[in-house]
Amino acid sequence: MVDVLGINGSPRKYGSTFKSLRIALMAIEREGLDTELINLVDLDIKPCIGCLCDEQKACRYPCVIDDDMRELYDKILEAKGVIIATPIYWFAPSGLTKNFIDRLTALENMIFVEGRSWLEGKIGSVIAIGNDGGGLNVVSTVIGALNCMGFLIPPFAITYFEEQQDVLDNLELLVELANIGRNLALIIKKVAVKQWFDQSLREWVEEVRGEIEREATRIRENEKERLRIITRLIKGEQLVR
Amino acid sequence: MVDVLGINGSPRKYGSTFKSLRIALMAIEREGLDTELINLVDLDIKPCIGCLCDEQKACRYPCVIDDDMRELYDKILEAKGVIIATPIYWFAPSGLTKNFIDRLTALENMIFVEGRSWLEGKIGSVIAIGNDGGGLNVVSTVIGALNCMGFLIPPFAITYFEEQQDVLDNLELLVELANIGRNLALIIKKVAVKQWFDQSLREWVEEVRGEIEREATRIRENEKERLRIITRLIKGEQLVR
Amino acid sequence: MVDVLGINGSPRKYGSTFKSLRIALMAIEREGLDTELINLVDLDIKPCIGCLCDEQKACRYPCVIDDDMRELYDKILEAKGVIIATPIYWFAPSGLTKNFIDRLTALENMIFVEGRSWLEGKIGSVIAIGNDGGGLNVVSTVIGALNCMGFLIPPFAITYFEEQQDVLDNLELLVELANIGRNLALIIKKVAVKQWFDQSLREWVEEVRGEIEREATRIRENEKERLRIITRLIKGEQLVR
Amino acid sequence: MVDVLGINGSPRKYGSTFKSLRIALMAIEREGLDTELINLVDLDIKPCIGCLCDEQKACRYPCVIDDDMRELYDKILEAKGVIIATPIYWFAPSGLTKNFIDRLTALENMIFVEGRSWLEGKIGSVIAIGNDGGGLNVVSTVIGALNCMGFLIPPFAITYFEEQQDVLDNLELLVELANIGRNLALIIKKVAVKQWFDQSLREWVEEVRGEIEREATRIRENEKERLRIITRLIKGEQLVR
């Protein structure tokens, strides 16, 4: 059982979305809480089949679809907080992330089954990373969805980044990401907070970003098959047909 | 000094936006806190002139524009929570509401002037009422803005209504609105909360909605000039040219 | 080769999203053009793996992923117009629909590979159907994405419906849907248009809606496995664990 | 009577929003059409008072409010195309711009009064410029609103820019802005278009951007009162209280 789950909705397990989520989770660990980073791309999470449109109460826990979401539901139920980190694809979360969000309905819809959303009172934050625009659209829509499911949203709980720069080179962003983690942790710990945006995290992010870079590099090196494909694509080889 | 400000961004002081905001505020008063309802239409709030685009630190409290926002800034600084209620105009807050939101920058931008947003840690909720769509767009964008300013967002803090029905006839909605008020109050009171969505408020809203209806009627009757104009418009009279 | 593709992003092939899309397509056929309705739920369309984040030019046609999108790419390239119809899940397109949209990048990104988006000049429309809010958020974000890919958007090309009523019972909506189809067809046919919103389609939709109802019923009856599951869910049977 | 109106919703008449709009308008003039740039900040445009919520048919042309919008309504009715350019304030159009959009209802709502939106068939584009995020949110919501009012949207009709850089230094953006103007003009001229995104405009924008810079400088120098205030603000002088 972990205190906070970090959901990585990027197919690139070593990319900017990962790095951004990782620093937020490290800021949580720094406050003494446990975290776990979940890569959705490693799981089999099928699209929601919309049972509740046939009958409102048909959608309930456990979801009728028997896939890796089953284990994830239980992790979510046990966790106190969830951070969703997604790449920005066409001004919206990736399809991978969206399937995950759609499937949360089985927990939220318990409000129609037994009068209470099973997600209410959890703490939520959202991070969107892309190299094109739309980041605000992603984080505001997803944070709105989480709030309607019953999540409490700490101050400064959302951020987005839309540039081609490596996120680890952008100190402003790293401080924001660290504050996302810190504030989520402080709410869980029920600490009386004097200042919600902590500028002094700048020094700490400067210290730890090298570690995240090394971690990302290790993960990237393990993605041999992916890199082989990308390399061939860059050379302009047609891989299909 | 009041605990919670309710900002009504509708030009119609007696309409559905007012009624929706009123029930949320009454749910706050029921928890023992003070509230005040502000009608933006009664105030002179000029558009933001965008000083910070000339120079980031030029935007600061007190705002350079000398209008009724001055008094409102101080009320916001003193309050612990703010509910923004806006009609939905073209899938977005009314221009009246938007001018108010734009002007909040003078408080938020203090983060660039002295390292701290003067709005951080306040509790925020958003209500959007219209007779066409776009409600979710309004509440998610505004709640996203409030969160980036430093507001904490309680569970179930946003709602919208997009039908032509009188809001007081829709019990589901009234219970949601009452929960918006209740949850905002419980966070301010730092109560340990067992259930965030309180279905039992249904009885209470059934009791009090008559009172809100009477209040709206009284306000409407005072809007003689407005009603005179509308009546003539309905008759098809051309009031200009 | 068809003139207009209708993409149904609902897992329920007989539901309101289908019916809404169907009437728009029938209005296109009425103008003498060919259409084809594609049910995404019947296809194997994997999530985008984000090659372009590794290297901008790596994302190109044909997409490296070898699944049913291959055939769909060619249909899209041949078609003059595309209507995307999606259910509203958490204020956004379904994950099923989102995966389809994400994968369109392989056509759009040709602008970086050879200076021209392969989607430019196509005509696009978007329909969003749900029984909760967020419809405007869906259609504006998706129509924005289509426009950035190079689609031309006819007048009155988007609509959404957020009520629990059967769409075929809502004449206003049906007239809007028929106009979506008509306008898309008129643009393709390069007709000089006198009036873009044609109220007189009301009679026609009254005539044809029975036909769509029968079609939906036939499709529903073929979904035996789905209905068997839903029936058991409604009875409260736990189908997993 | 002009072919295309450019609406500048920025209070800074010499800023990036102006420059972006100006280059789009110049690309229209290059196609032989007339344009006019309107600075909303120079006009008295009061907030919409929401008559249609009292009675659907009460909102009609001419609007009951007697201000500078009266003249603007007539210009819009005469024009074939409209470009709305707005700064991004809190992920949304400025209040100044929003008041303008809200007031367009008096033309659109004629669909309820006499069966036809007076805006249908006009051609529309949207530009959003800020130094923070939310640009996509602005352009997609506003383009969605325009489309629902009956505007046809040309390919590549929206763009946004969210960086602190001077827009005139960003060639990519200038080419996009020029294409917005070009495509709007080509649709009005009913030209058969071979390629909608014209990369060759790059040379032209390089030529003309100096001219826009000089124009902006001239306008800025005329804003003596504004600059005096900003200068004092930068020095940290408290201008109120």
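Going by the order they are written in, the chains are A, B, C and D; count residues from 1 in each one.
Rule of thumb we're sticking to: contacts are C-beta pairs under 8 Å (C-beta built on N, C-alpha and C of every residue); 3 or more make two chains touch, one makes a residue touch a chain.
None of the values given here were measured: they were computed from a predicted structure.
Undergrad: So if I look at the partners of chain A and the partners of chain D, which chains show up in both lists?
TA: Under the touch definition, chain A and chain D have B, C as mutual neighbours.
Undergrad: Find the chain most remote from chain C, comparing centres computed as mean CA coordinates.
TA: For chain C, the chain whose C-alpha mean is farthest off is B.
Undergrad: Find the geometric centre of each of chain B and chain D from their Cα atoms only, then give the gap between the two centres in Å, rounded to an integer.
TA: From the centre of chain B to the centre of chain D is 28 Å.
Undergrad: Distance-wise, how many Å sit between the C-alpha centres of chain A and chain B, to the nearest whole number?
TA: 30
Undergrad: So the centre of each chain is just the mean of its C-alpha atoms; given that, what is the distance between chain B and chain C in Å?
TA: Those two chain centres are 36 Å apart.
Undergrad: Could you tell me which residues belong to chain C and also touch two or more other chains?
TA: Only 91, 134, 136-137, 140-141, 144 qualify.
Undergrad: Touching residues of chain D toward chain B in the complex: what are they?
TA: 10-12, 15-16, 41, 47-51, 53-55, 57-60, 62-66, 70, 87, 89-96, 98-102, 104-105, 131, 134, 137, 141-142, 144-145, 226, 229-230, 233-234, 238-241
Undergrad: What residues on chain A touch chain D, complex-wise?
TA: The contact residues of chain A facing chain D are 91, 133-137, 140, 160, 162.
Undergrad: So in the complex, which bits of chain D are touching chain C?
TA: 111, 115-117, 120-121, 136, 139-141, 143-144, 147-148, 150-158, 187, 193, 195-197, 199
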